[in-house]
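Both complexes below contain chain A, partnered by chain B and then by chain C.
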Partner chain A sequence: MISVIETVGRSALNSSRSFRQTATFTARILLRLFALRTYNSASRTVFINQFYFTAVQILPLFLIVAVIFGSLVNGMAFQAIKDLGLSDYLGRLLMGFVVTEVSPFVTVLLIALRSSSAINAEIAVMKVNHELYTLESFGIDTLDYLFVPRILSGMLTMVFLSSLFALVVLAVGLLVSSVIFGTGVDAYLDTLLRSASVLDMILVLLKSATFGFFITLIPIGQGLNASEDLTSVPVAVLNGMVKVFLAIVIIEVLSSVVRFI
Partner chain B sequence: MQQGLGEFIAAHRGRVGLVSLTAPLISNLSVWGNIALVPQYHQNKPEREARAETLGLLGRFGMEQVAERRNAGLTAEERFCTMLLRAAMVANAVLVLDRPFSILTTVRAGHSLADALRKVDDLIAETHIFDYSWETERYGGLDVAAD
Partner chain C sequence: MSQRIEFKVGLFITITTVLIMASIGYVFYQKGIFARVHTYTLSSKTGETLAEGMPVVYGGFTIGRVSSLELDEHGTVLIRFKIPERYNRVVRADSTFILEKPLIGSPRIVVTTVNLTGPPLSPAAVPEITVSSDINEIIKRAQPIVDKADRIMGSVAQITENLADPQGEMRRILRDAQKVTSRLSKQESLLEMAVGDPHSVRAIHETLGKLRDIATRADTLLVAAETLTGRTGEQIYGQDGVLPLVRAILHDLQGKLAKLNVALDNINRISGDVAGSTRDLQVLRSELDAVIIAVGDLVAEVDRKIPFKDKPEIKLP
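Coming up: the complex of A and B.
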């Protein structure tokens, strides 16, 4: 019985320590995000490279996934709407569900799988190789040079790719709705515009940016937790990816609470 | 020796250009990227300008052709020269060579070191070498004062 209590207590302490570390790191990054001195030629180079790796290199795969996903979701949803005689709700389904919920969620999963794991491994390897010490010895602040540009790039990437995903799915929706309902372009656009809400759009952009912030911040934080031992790299990546997944779920739940309650 | 090195670096913080195995090249940056990092970060020098300057400096060592290579693709001598140039990029640099023969592992290492230091002499304010006393003979070409 005592060992069970000890285990629960240890687990609670570890979770609380981990949460505190993440919260402190978040506060430090947020402060630097708004500090002018963070932005110099070196951090701009890191930002551009990171944006290229995260947002541009993934485009072919991302567009294919968006088209396939858009066809499936739209096909199934539109057919169900037609069968149930709810065609008046087509716009609300597209704008309220596909654009605001599905697009950021699928995008964040793809980006987390591809880039969060890479960032996590990169930082852990830099720690193991003493490259972080190199930066320190040359007076280069790792927050300014390594972390803030990556996090900013993660935020912009998420906003950009979520919007692109939504546009592709809506374009596919036009094709599907013209096949199922015989809707023309004007009628389709009119339906979408009537269902669009500015508040929803702001919320979805904020949600995407928040996703981007945490799916880069957490891997960086976990990468820093690696020791000087090579075997600590996979452990750091594993822990980081689990926490990234938890963060995605928490943000999704919180955004739904804000939107629907 | 390590304690002495640590104290020296702390005393000259902000001016130290460290050449040491404990401060390796950044593996996800090219040779020119490693050298240009210091002026890009500290002087906000635009990337294109920093690259041009770096290529000019690499020319002193006949190393322009390795400018795009990364750490893993360099010979010991190329790696040493890259580290040396990176250290020389620090403004008013106090160059600190920490056991240079652990990086320069070739037989002619002593001559290579003397040659390399001569080529960056105009960029450096002071040079300090930290090494074990039994390595003194290997610095034949250099005027070394042992502490």
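Coming up: the complex of A and C.
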């Protein structure tokens, strides 16, 4: 009985410690993000490289996924609303569900699977190899040089790619809509515009940026938690990815709460 | 290598940014975010169902939204709404503003303008909004239907009550129908079925037998009268003699029997028309009564004029 209570207590303490560490780390990163001295030529190079690996390299695969996903979702959804006689809700479905919910979610999953795990492993290996200590011993601020450019890159990548995903899905939606409903370009755009909300668009961009922030911050934080053993690298990646997934769910729920309540 | 990466990243950021900005700019432009906006004020006695952001609709198109709600010092609700420049032409001085509360969907303010070339609505003017509630309208229209349905349900309840009551009208009708069908299933005569009483049928048959007897007796009487030819003189052939009287009575009897035949034929067709047959039965009964009375009178008259005694005395001329 006592051991059970001890386990519960230990778990609670660990969670609280982890939350506190994440919150502290988040606060430090946010402060650096808005500090002008963070942005120098070195951090700019890191940012460009990270952005290239995260956003540009994935682009062909991402566009193919967007087209396939857009065709499938639009095809099924349009056919369903046609069968149900709810064609008036076409715009609301596209703008209220596909653009504001599906696009950021699919994008964040792709980026998390591909880049978050890579960042997590990279930082953990740097920690194991004492590269971080070496950088600090040369007076290089790892926050400015390693972490902030990656997090900024993650935020911008999410904003750009989720917007691109939405645009591709809407373009595919035009094709599917013209095939299923025989809708013209003007009628389709009018339908979208009627359902488009400026507030929703701003919220989507903010949500995407928040996703980008946490799916890079959490892997970096978990990578820093790795010990000096190489065996701690996969553990750090595993913990990091689980927390990234939890963060995605929490942000999705919070954004829905903000949007609908 | 580094320059290639920089170029690719720069190209991606530029193209994507242009696409995003163009999309957002297009939506903003179409939504009239950058357009000049006109603000108008409406008044309402109540602020119920009114909300900021409520759409202002003209001809099914959203032309603006409620921007603010305010309660003035007189307790009147002031509704301020904004209309972009391009839709401002539909808001005229003679426009009417109706707050629609549909059964399904959100409330909205509907603008109706008859004369689009009329003078524009002054921003200082505060027209009153008219409230139209679909729910109340539907309730008002449905009330008479509900009342009718209520009455129908009352009648249905009464009918079912009657059906459930063993002594009720419906049960009685069903019992009678059962009797009729059971009688029909038996091979009784239609006359008995119609009369409903075997004794009455027998009585009719007996009457008909008696009629036949009377006719026979009348024939006998005529024969007897003929034997008296030349002997009875005025008593037999005179105006008040037996024979003219007997002939007249027999003619009457013949006519009535002919009518009786018609009535009996109608009884045979009773299965076709129960109501008509019932009427025929009544005729039959009345005709039979008349025949019996007439024949009785005949017999009495004949008895009076020709007393049939064991030893009749006939006065010769």
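Here is the rule we use: the second predicted complex is superposed on the first by the 261 of 261 C-alpha atoms of A that agree within 3 Å, B and C clash if a C-alpha of one lies under 4 Å from a C-alpha of the other, contacts with A are read in each partner's own complex, and residues count from 1 in each chain.
Note that a contact is a pair of C-beta atoms (placed from the backbone, for glycine too) under 8 Å apart; a residue touches a chain by one contact, two chains touch by 3 or more.
Since this is a predicted model, take the numbers as computed values, not measurements.
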item	value
Partner chain(s) touched by A:Leu164 [first = chain B, second = chain C, both, neither]	second
Contacts of A:Tyr52 with chain B and chain C, given as first, second, both or neither	second
Touching partner for A:Phe97 - first (chain B), second (chain C), both, neither	neither
Touched partner set for A:Ala42, first chain B, second chain C, both or neither	first
Contacts of A:Met201 with chain B and chain C, given as first, second, both or neither	second
Partner chain(s) touched by A:Leu193 [first = chain B, second = chain C, both, neither]	second
First, second, both or neither for A:Phe19, with chain B first and chain C second	neither
Which of chain B and chain C A:Phe138 touches, first, second, both or neither	first
Chain A positions touched by chain B in one structure and by chain C in the second	45
Chain B residues touching chain A - in the complex, by the definition given at the top	9, 13-14, 16-18, 22-28, 33, 37-38, 40-42, 44-47, 50, 86, 90
Chain C residues touching chain A - in the complex, by the definition given at the top	2, 5-6, 8-9, 12-13, 16-17, 19-20, 23-24, 27-28, 30-31, 33, 62
Residues of chain A defined as touching chain C within the complex	45, 48-49, 51-52, 55-56, 59, 156, 159-160, 163-164, 167, 193-194, 196, 198, 201
Chain B contact footprint on chain A (complex, rising order)	40-45, 122, 125-126, 129-131, 133-135, 137-140, 144-145
